[in-house]
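For reference, chains read A, B and C in written order, and residue numbers begin at 1 within each chain.
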Amino acid sequence: MKKPVLYTVFLLFALSVVGLPVASMAYDVEGAVAEAIDEIEELADVSAMDAMFWASNTWMLVATFLVFLMHLGFASLEAGMTRAKNTVNILFKNTAIISIGILTYALVGFNLMYPGDFSIGEFFGFAGFGIGGLYDGIIVEDGVQAFTGWTDFIFQAMFAATAATIVSGAVAERIKLHSFLLVTTLYVAFVYPWLGSWQWGGGWLDQMGFYDFAGSTLVHSVGGWAALAGVILLGPRLGKYVNGSIKPIVGHNMPLATIGVFLLWLGWFGFNGGSVLSADPEMVSFVFVTTAIAASSGVIGAMLLSWFLQKKPDLTMALNGALAGLVGITAGADVVSVSSAVIIGFIAGLIVVVSVMGLDRAKLDDPVGAISVHLTCGIWGTLAVGIFSSEFSIVTQLIGVVAYGVVAFAAALIIFGAVKATIGIRVSEEEEMVGLDIGEHGMEAYSGFEIYTTQ
Amino acid sequence: MKKPVLYTVFLLFALSVVGLPVASMAYDVEGAVAEAIDEIEELADVSAMDAMFWASNTWMLVATFLVFLMHLGFASLEAGMTRAKNTVNILFKNTAIISIGILTYALVGFNLMYPGDFSIGEFFGFAGFGIGGLYDGIIVEDGVQAFTGWTDFIFQAMFAATAATIVSGAVAERIKLHSFLLVTTLYVAFVYPWLGSWQWGGGWLDQMGFYDFAGSTLVHSVGGWAALAGVILLGPRLGKYVNGSIKPIVGHNMPLATIGVFLLWLGWFGFNGGSVLSADPEMVSFVFVTTAIAASSGVIGAMLLSWFLQKKPDLTMALNGALAGLVGITAGADVVSVSSAVIIGFIAGLIVVVSVMGLDRAKLDDPVGAISVHLTCGIWGTLAVGIFSSEFSIVTQLIGVVAYGVVAFAAALIIFGAVKATIGIRVSEEEEMVGLDIGEHGMEAYSGFEIYTTQ
Amino acid sequence: MKKPVLYTVFLLFALSVVGLPVASMAYDVEGAVAEAIDEIEELADVSAMDAMFWASNTWMLVATFLVFLMHLGFASLEAGMTRAKNTVNILFKNTAIISIGILTYALVGFNLMYPGDFSIGEFFGFAGFGIGGLYDGIIVEDGVQAFTGWTDFIFQAMFAATAATIVSGAVAERIKLHSFLLVTTLYVAFVYPWLGSWQWGGGWLDQMGFYDFAGSTLVHSVGGWAALAGVILLGPRLGKYVNGSIKPIVGHNMPLATIGVFLLWLGWFGFNGGSVLSADPEMVSFVFVTTAIAASSGVIGAMLLSWFLQKKPDLTMALNGALAGLVGITAGADVVSVSSAVIIGFIAGLIVVVSVMGLDRAKLDDPVGAISVHLTCGIWGTLAVGIFSSEFSIVTQLIGVVAYGVVAFAAALIIFGAVKATIGIRVSEEEEMVGLDIGEHGMEAYSGFEIYTTQ
């Protein structure tokens, strides 16, 4: 930092000795002073940029821990929305997933998602195995140093495990634990980051002008497609669809489910706010506003529609409405207006109610509504960017949605199918009846409580 | 940013060509260099201020999500302190309130609270409907850019819903859902921001020298007055006051209540810390200290007094003691000393115990102690500013307390009264007995658990 | 900030009047300009440093509230891992501890831990009683203003109570409330800060080259030693060890325990990340990575070993594995590589399983595994610094471990022993059977729920 100044001082010194006493001195003084001013201006800017770098990196780490907290949100929501007899199993899965997600992302995921160079068109790239010095360095956004390579890694790592967690809810209450862990490890280690590279790694969809700000498609739909594949291959829970009628199987702990949704909403301020990739005040605060507004109008939309259809205000629908609004705004939180955010969220709230009912009619049994929230609203949010922002084309958005859908769904079917064909994916009827907590883990979630039915 | 430098360079150039070769050159060099230095100094300051702006805005957004989390805190506390049969209802109300609060604040609230110009004395103003480009721009505190208009809106929006949430706890277990939603929508959309404008919008109380740093009166008492109005018009829960004796109706989930209080305490670091309106290190850290200290001594005060009076250490009193200390310090967290914070919090802890017992004797049935925590301690905290800080007059503080009390209570009585007179506010006796979860929502909070009594 | 410029301008002015018109003017211009450049460079640096100070202080306050949240994590984990009949007691203890911890740290703790001068060798010092203006001033790290004295106090105060909270879990379900409060008040007010001064206060172990980044030993082991002393003096819970066999006493609420562990993990980003003592981007982000990685591999280590030994995937072991990894990385999170963090965490995950089993064989009854997590893994983490970082000596690390162990354990034995000999530490058999909630507090945690056994 001192070098330019020393250089300037030297220049001035040389100038003073040689140039000033002579007649041409006027020109030399002017040049030297101008040069000195330039150097100093850069210095001031560099120093301020250093300080902005500190602020941005701090914000990105805050966003990181908020996204981390989403995993507790998912665990709470899923556990609350299912039966008491499968609670330990769900908590175990979610504790394992975040751990597996972080470790596999360090080992291969980050380098698949951000390969730098693509070796197969703009379609596939891999920057090599491993953790270590790889993530040193500083990421620059809009000409300003924004965050370190370590921050980049850990922020993205928290995202990676999300895709797997989305699957967890949909396949709950009937999937074999070790099969689930195997499937999601493969999906989160390879499929999620590979597909992510198409857009965030600078791949072919990014080249084409597709836009997905924080991952309506890249995270939520990619998770949702795998959830759908799992639900299809697993089949519904025992007793869910009997003689053509749909039997509700209700969640066992509404405070826990509500805690889950509030933590997810909270975490989304980091999920979307961190996707600005700097602490840029205008951008981050605008994203906070659109995110909060869309979640709020998602609640209102789902609340009103379900109240109208069911004649009762439904808590689980209101909660899913918040998540629907959040997934819906995720693709365009930085490029749509606030009034568009109201509309996008409200429509997402309507869509999630219709989607939950539609999947039930199609006998696709998703205990927590994960497919409706993450896949259906993920598609809606991605298309909404093309509708509500003049910068982006709805056709390109649709191409992205379809491309991700085809490949993510196919990949999930292959992985789930291969595991089903070999070690199996579904627990026995006996285990499903008694619950996976006793069956898989030999323990209960609520020891000492009278629980009158295993439903 | 480059303009002053270009100007300077031009000046120096002109100077060099014209001035230097002549005899008067000495004076010109001095002037030009001095001017250049001035310009550069401003540049350095502006750059550093930009970076401070990034830090401040980041802090304000962190404070925003902390205040958001308080809504989960309220939901958890209220649910935990009431009976299992009314839990879904409480969770639903709190999910709806935050959503309604954010949307109405965007539509009218913000522009009522910060009207810019007042059209009726310094008593009422309105800057117009709507969301959109309204909140662009940057808010400057103490000559430094502090945060964006978007940040301003979303931080304040999180506050707005708080007033309604305070009401929720006091009227729990017997109010009709749609009546509650109607009342609180009106209160949070119009009354809270209008009253807020008197102080934070630069209205007549602000002009008079009233001080309420983060809202002991503007948020907590304003919510508390509405809670009191609701409790009076609703009457007590069935079985609470029988034949002149007070029957305790205990909460069903103490871990949930404790989670609620810790989340509220956590959120208060944003509630008070964010009210500094910048990341100013001295101010924000000092406010953290007074806030934590007052909460701690509130716990000790309530714990000791209730232990002494009841011969048993009472968890719910200790928890309310924390909240009492927090409400108590809210008005003066930035202007009282740390030892004053100890005293303010301790006295608040004593007051809340006495207030809870007093309200019960007066047959004002407040299931969660909301009136004692938010109204009684809100008044105490506001007066404490006049007692413990020499800058402010206790008379002015008292005028503010009374003015807010009269108008907030009257407004709440009118709204609650009008709704009572038309669609009614209280559920039927049958519904109250069976619980609002079944009655209003057709579902249970803890499906599968044996719950032996609906009390 | 303006002074150097005024000085420069004055210099230039003096120069222009006196020096320039004379023949030696060339030299004077050069000198003045060079001096001006120096001054301005400092100005730019100072301004940027101010902005960095704002970012750093903000980060430290974020870290502070994260560590605060760990107290909710401990409360939830301990309550969830014990029986429903002792839940109110645990919640009460944890609410009281954080309050007592903050207040005693303000009164004596901070000034014992950071005495400035040591009055007895480098072994003991005390900077005097009290709160007030004591903590004004700004702490400088690596030549940059990092945070205020208030921030320093409140960040450290959140740590202080942690040591007491660790004890709480180990002695749960059988200790008298007032005895516990007495013991922990003494321990957290005097023992923890005094021992802390040996290293973080610049005492003899710091002089010797011992390294404990964020407190594997200073916080976790110091708490763990007291937990061990308490467990020994209290004896096991009734029915735990009968006729030479070990009877499992299982926790009553696994979602609550899981919430606890996720909140602790979350809080650890502040515990370790804040121990950088600035927002230095490289350092803080690197610490985030090692912390998350060690927690993740702790989960995997504990999961695999317990699955192998017990033939069932054990949720409580997976949860303790996360905490084990976190405690393990705490001493060296900033000085070991990422691959070392994987290994340290994984080994900690193995160790915690073995330690839990070993303590049970030794009939040391620790209901939540606090000794295994905090003491055993605290020792491991401290030694790991000597193994995985070439900068530090394992011999010195061992000396530190032993010194802390001897004094902390002895101090805890003396305090626990004195209380046992006077007012007693263990509740009656009747109270233990019926539960401490009824016995000590006269209330239940889950009013209305059928709870079929008090075990």
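Keep this in mind: a contact is a pair of C-beta atoms (placed from the backbone, for glycine too) under 8 Å apart; a residue touches a chain by one contact, two chains touch by 3 or more.
Keep in mind it's a predicted model, so treat the numbers as computed, not measured.
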### Task
Could you name all chains that are in contact with subunit B and with subunit C at the same time?
A
### Query
Same residues or different residues: which describes how subunit A and subunit C meet, taking over half shared numbers as same?
different
### Task
Averaged over CA atoms, how far is the centre of subunit A from the centre of subunit C? Could you give it in whole Å?
30
### Task
Mark out which residues of subunit B touch at least two other chains, giving numbers and ranges.
25, 29, 33, 40, 44, 47-48, 51-52, 54-55, 58, 62, 253, 259, 446, 449-450
### Message
Under the stated contact criterion, what part of subunit B meets subunit C in this complex?
### Response
23, 25-27, 29-30, 33-34, 37-38, 40-41, 44-45, 47-49, 51-52, 54-56, 58-59, 62, 66, 83-85, 250-255, 258-259, 261-263, 265-266, 269, 273, 279-282, 284-286, 288-289, 292-293, 295-297, 299-300, 303, 310, 312-316, 318-319, 322, 337-339, 342, 446, 449-455
### Query
In the complex formed with subunit A, which residues of subunit B make contact?
1-2, 5, 8-9, 12-13, 15-17, 19-21, 25, 29, 32-33, 36, 40, 43-44, 47-48, 50-55, 57-58, 61-62, 64-65, 68-69, 71-72, 75-76, 79-80, 87-88, 91-92, 94-96, 98-100, 102-103, 106, 131-132, 135, 138, 147-148, 150-151, 153-154, 157, 177, 253, 256, 259, 440-450
